[in-house]
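Below, each structure is written out as structure tokens.
Shared between the two complexes below is chain A, which has chain B as its partner in the first and chain C in the second.
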Partner chain A sequence: MPNEKKPDPTRREFVSSGARGLGLLTLGSMGGYLSGRSQAEETVWQIDAEKCIRCGKCATECVLEESAVKCVHNFDMCGYCKLCTGYFEPEPNALNTGAENQLCPTGAIKRKFVEDPYFQYSIEESLCVGCAKCIEGCTRFGNGSLFLQVRHDRCVNCNDCSIARSCPSQAIERVPADQPYKLKGKGEG
Partner chain B sequence: MKGRPQTTDFRLQTTDHRLQTSDFRQTRDYRPQTPALHHSSTPPLHHSTTPPIRTAHPSVLLLLSALLFAPYAHAAERFPPPDFESGYSLPETTTPPPRIANMAVVDVVVLLFTLGLASYLALKRRRRNEILYLSMFSLVYFGFYREGCVCAIGSIQNVSLAMFDGRAVIPLGVLAFFILPLAFTLFFGRTFCAAACPHGALQDLVLVKPVKVPAWLEQGLRLVPYVYLGGAVLLAATGSAFIICQFDPFIGLFRMTGTRNMLLFGGGFLIAGMFIGRPYCRYLCPYGAILGLLSKVSKWHVAITPDECIQCRLCEESCPFAAIHHPTPSESGEARPVGRARLGRLLLLLPVCVILGGWLGARLSGPISLLHPQIDLAEQVFLAETGQLKETDDAVKAFRQTGRPSQELFDEALPMKERYVTWGWFFGAFVGLVAGLKLIQLSLKRTRTDYETDRANCVACARCFEYCPYEHVRRGDIDFVPVEALTKAASEKEPVA
Partner chain C sequence: MSTDHNSEMKRRKFLQNGAKGAAVVGLGAAAGFAVSRLPGRSRSPESQDREKLGDEFTYDISKYQKTDPSLIAYRQAGRIETGFKLPRAIAIGPEGKLFVAGDRGVRSFDKNGRRLTEFKPSGLPLCLSITSDSVYVGLKSHVEIYDAEGVLKSAWDRLGSEAVLKSIAVVEGAVFAADAGRRIVVRFDSDGKVVRHIGKKDPSRDIPGFVVPSPYFCLRIAPDGRLRVANPGRHQIETYTFDGELEHAWGKPSMAIDGFCGCCNPVSFAMQPDGQYITAEKGLTRVKTCDADGVFQKVVAGPEHFPDATKTCAADALTDCTRAGLDVAVAEDGRVFVLDIIGRDIRIMEKKG
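Moving on to the complex of A and B:
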């Protein structure tokens, strides 16, 4: 077996360069195939408020300690109710801003008198944890002007959104980065 | 501006309702005790998006019944937005733009720059400290500044998904992050690992006292990346999960926040990394598995010494990653027929491994398929319909609200589930193949006369270069190599196991 006796650098080199060529060919064809189907435009995560069932996972499942999902308010849709079912506990002692009357666990909704009998409700975003308690109340009895959105000043745009992974209604999807919000009531139809 | 007779009337009515807390009291139990809307498996009759309400104020009920007959009416009609008389203007809903706007071009340029420089430093300059500085730059840029995303390791999943799912698209930047390091590795070895990967840089930084991992454990653990790679490709291609991202050890550190499990996992790797060189790279990194294969056939791989090896044994234990092949002892070695017979047996074992692995993989495909959201949902709806799960389960409730018949979901999920059996076969066969090939590789004895880099596992960190006396001649530190003295000392040294 003369071939096996001595180390044969040329054979090794031949196999090696052949494999290298094959590797390059694979990489090239893969790159060519995929770049034909790829897009330069980036995408970001967003919640489809119509699919959201207010389960509260957005507050707990985000990889950030303070979730990137927050409640937003579409004022266009709001009824400015004095008794806001998104703001007040089911049986409030009084219709005032007392903490015991509020649904929000962090007091992130600010209630401001506009004119009789209307009140403005706005979200203090630094306090909001995205638990969707207010949204449940608003959607169930009110106009649904409160809803959850991924806030892109916070979202780190994970490859695999961990909230999306555990969302029971699969309401989180990728949207183009130049239209990063799905605001309820706006841009529909 | 009081001219909206009908709606104004309506609003007055509802406004009254809002004013009276006593009225509200009747509606108090509106929250969770709503029973499931549809008890049986019969499909819902209407497609209204209105949530169910049990006890409500009559006006609300009236409104709801009206909504039922107008399926596409929006909930916004419950309390029409008021006409303000005090000149109040509606605030705008803020929409902060994405934090990191299109950085893909910058990222790819920086990656190309680091890859090129890393290859130059490893092959030409051969200085450990320069590679270390470059890796620190990568750690800061790709790690802490870009917060670990985009990363070549995770790009495997995007590529797999795009390859196998016709609907998936892959951002060009991610594709570049997948292909560029692989292409560089085909020519220069794993210089990506040396200085461009933030994970490697971080682990290199914490390594204080490398200990030697026993050979059997080392060889066994080196199989894990292939299994992980196979699993990651399987789960990504089927659209089930991105496990590489999910179990990324250091991303929590890069972001300076994360879930407890993530931080524990990352912390564990860092502590282990103080004593075991680059534990993630060696025993888990799926990208490293591909890089290792390509590095084996790389055109210009780093060598411990470009000059003649004088077997001074100085570099023998310089590699903290067990990536130096020692010369094979000349006198030992078994008779050729014994080795040949063993190789024959192992070659026969290979198909057995593949088939057994495939069979096991197919067995496992059932539980694995539950990682797919659609199949998982179908499973839960099925369990709910057979009474094994409450209808109030979040996912089931959400599905009921969509108004889709459950049979449609089952019909959709079943073929998907069947596809997992095929995937399970492939995955299991791949693992079996890797295990079988590893056994063959271990049984093959290749004669080496010199100390050489183990191309698959060498990450071109340049540590061993400094141990070679010829390196110091090249650098001008010394004038000549005292060959005889060194070889004499080497022959007196205890042999390394």
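Moving on to the complex of A and C:
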């Protein structure tokens, strides 16, 4: 009858309802979490070298002890100069690989003779800290073939990248995970 | 009736339970999604205390960007807006007329900066040379010749897809073009037929070969009847006979005022009647005079005179210095005309005093 008071649920009924509710809540939570993560993993962080102003924050702001940002080199754009302004100090004592002549504070750029007067310059990633000092020299005087990129074998793809948050030129942005690098020159991808 | 009422009660209970279940699932989904979008790892308080990079990480060339005032022998007497978005080359013609190549056209100005004529070659004009009755325009891979009014007189054969003509000079019976793409100087006869290539690496003749890392490759005919060609990657200006024999070279790499800075300079130069050079550099954007032997004399304009070009190469700019070159020309009265590519204007520099 409509006005009859419903009987109190038994303990069994209460536990049973609670378990069903908890199960539904857990199912919903897992679905929501996985949906959120899958959206994030469709994109990764990357630096637009055309916007980068070589401030040095990539080296200091990453959550990782060793920044995920490294210098990369587009050989297509490089002049292979004997006097590379990304490799040498502004006024080197000599154009050789002496430490006092090198621009990079960590010695991460390797110089290799090709044929007179051309030299090849490559980055030893394990030594690079992403400070962009070489990029400053290369861009000021050279062809701009050196630039910074987030390395995705190191980056943990934070939802809110701490480097992006502090980048003064908003050079770090989300890009599709299937095109994770923004390369300069012909190698753009 | 009782059966219908029971069915109705069961349906209502089903719908109520379904709504409750959907609400619980939705709440869970929202909570799960929110958790997945949390910032994630953050820097520990210890790492946040980490200092900025030390001085050894700073690229500092500030001392080279200031010119000793006692070295500056010229003052700016005027300025001409080219009107181009991308000017590329400047040359001086008869009666002091200025010709400027830029965008897709060539414009002429009188010596006071008043625009006279404009004509459009078939492609992007990269370099110019003016004679008494003709305007030689170097396009990417060929030369076109116009009269002073811009009427096409002749178009020469193309040199191939790799050619990039960046400078051109004309004498009686010969035309020389600096091809930055193939790193060679091409000598034509007056009809446009290729006579020879000059400057190709040849150890047997002590010719080291041109090194052209960036799109600047300048040549001029000197008052002594020899060819002068900039070899920017070697920081030198080289003297060649018209037959291609290397006779002399001068220049050294240095950020200091008496050298050519960076990886590849000079980007342009002009010759005075007495054989003195007016050289132009990028990176440290500056124009200098050197005597006939290449010894530094005075500064025409230092980096302070080209703030836009200096900024273009610098940390707060969004490009590299290959786009911030200069071109120079010298008038008969000794005035120096400096084409500022980034500033899109011509600076008229006069000797002080």
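Convention: the second predicted complex is superposed on the first by the 145 of 189 C-alpha atoms of A that agree within 3 Å, B and C clash if a C-alpha of one lies under 4 Å from a C-alpha of the other, contacts with A are read in each partner's own complex, and residues count from 1 in each chain.
Everything that follows uses one rule, which is that contacts are C-beta pairs under 8 Å (C-beta built on N, C-alpha and C of every residue); 3 or more make two chains touch, one makes a residue touch a chain.
The model shown is predicted, which means the values in this text are computed figures rather than measured ones.
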Between chain B and chain C, whom does A:V156 touch in the aligned arrangement: first, second, both, or neither? both
Classify the contacts of A:A19 with the two partner chains as first (chain B alone), second (chain C alone), both, or neither. first
For A:H73 in the superposed arrangement: first (chain B), second (chain C), both or neither? first
According to the stated criteria, A:E42 is in contact with first (chain B), second (chain C), both, or neither; which is it? first
Kindly classify A:P117 by the partners it touches after superposition: chain B alone (first), chain C alone (second), both, or neither? both
In the overlaid three-chain picture, which partner chain does A:Q170 touch, first (chain B) or second (chain C), both, or neither? first
For chain A, which side has the bigger count of touched residues, chain B or chain C? B
For A:P105 in the superposed arrangement: first (chain B), second (chain C), both or neither? second
A:L148 in the overlay: touching chain B, chain C, both, or neither? Say first, second, both or neither. neither
Should A:Y181 be classified as contacting the first partner (chain B), the second (chain C), both, or neither? first
Both chain B and chain C touch chain A at residues 20, 24, 27, 30-31, 33-35, 37, 40, 50-51, 53, 55, 63, 65, 79-83, 85, 90-91, 117-118, 136-137, 139-144, 156, 158-160, 162
List of chain C residues in touch with chain A within their complex: 20-21, 24-43, 47, 50, 52-53, 56-61, 64, 208, 211, 213-214, 233-235, 253-256, 261-264, 282-283, 313-322
Residue ranges of chain A in contact with chain B within the complex: 7, 15-17, 19-20, 23-24, 27, 30-31, 33-35, 37-44, 50-51, 53, 55, 63-65, 72-83, 85, 90-92, 95, 114-115, 117-118, 120, 122, 136-137, 139-145, 151-160, 162, 165, 168-171, 177, 180-181, 183, 185-186
In the complex of these two chains, what residues of chain A are touching chain C? 20-21, 24-37, 40, 50-51, 53-56, 59-61, 63, 65, 79-85, 90-91, 103, 105, 116-118, 131, 133, 136-144, 156, 158-160, 162
Interface residues, chain B side, partner chain A - complex: 14-15, 17-19, 21, 24-25, 27-31, 49, 51, 53, 56, 60, 74-82, 84-86, 88, 90-102, 104, 147, 149-150, 154, 157-159, 162-163, 169-173, 175, 179, 182-183, 186, 241-242, 245-246, 251-252, 255, 257-259, 262, 294, 296-299, 373, 377, 393-395, 397-399, 401-402, 447
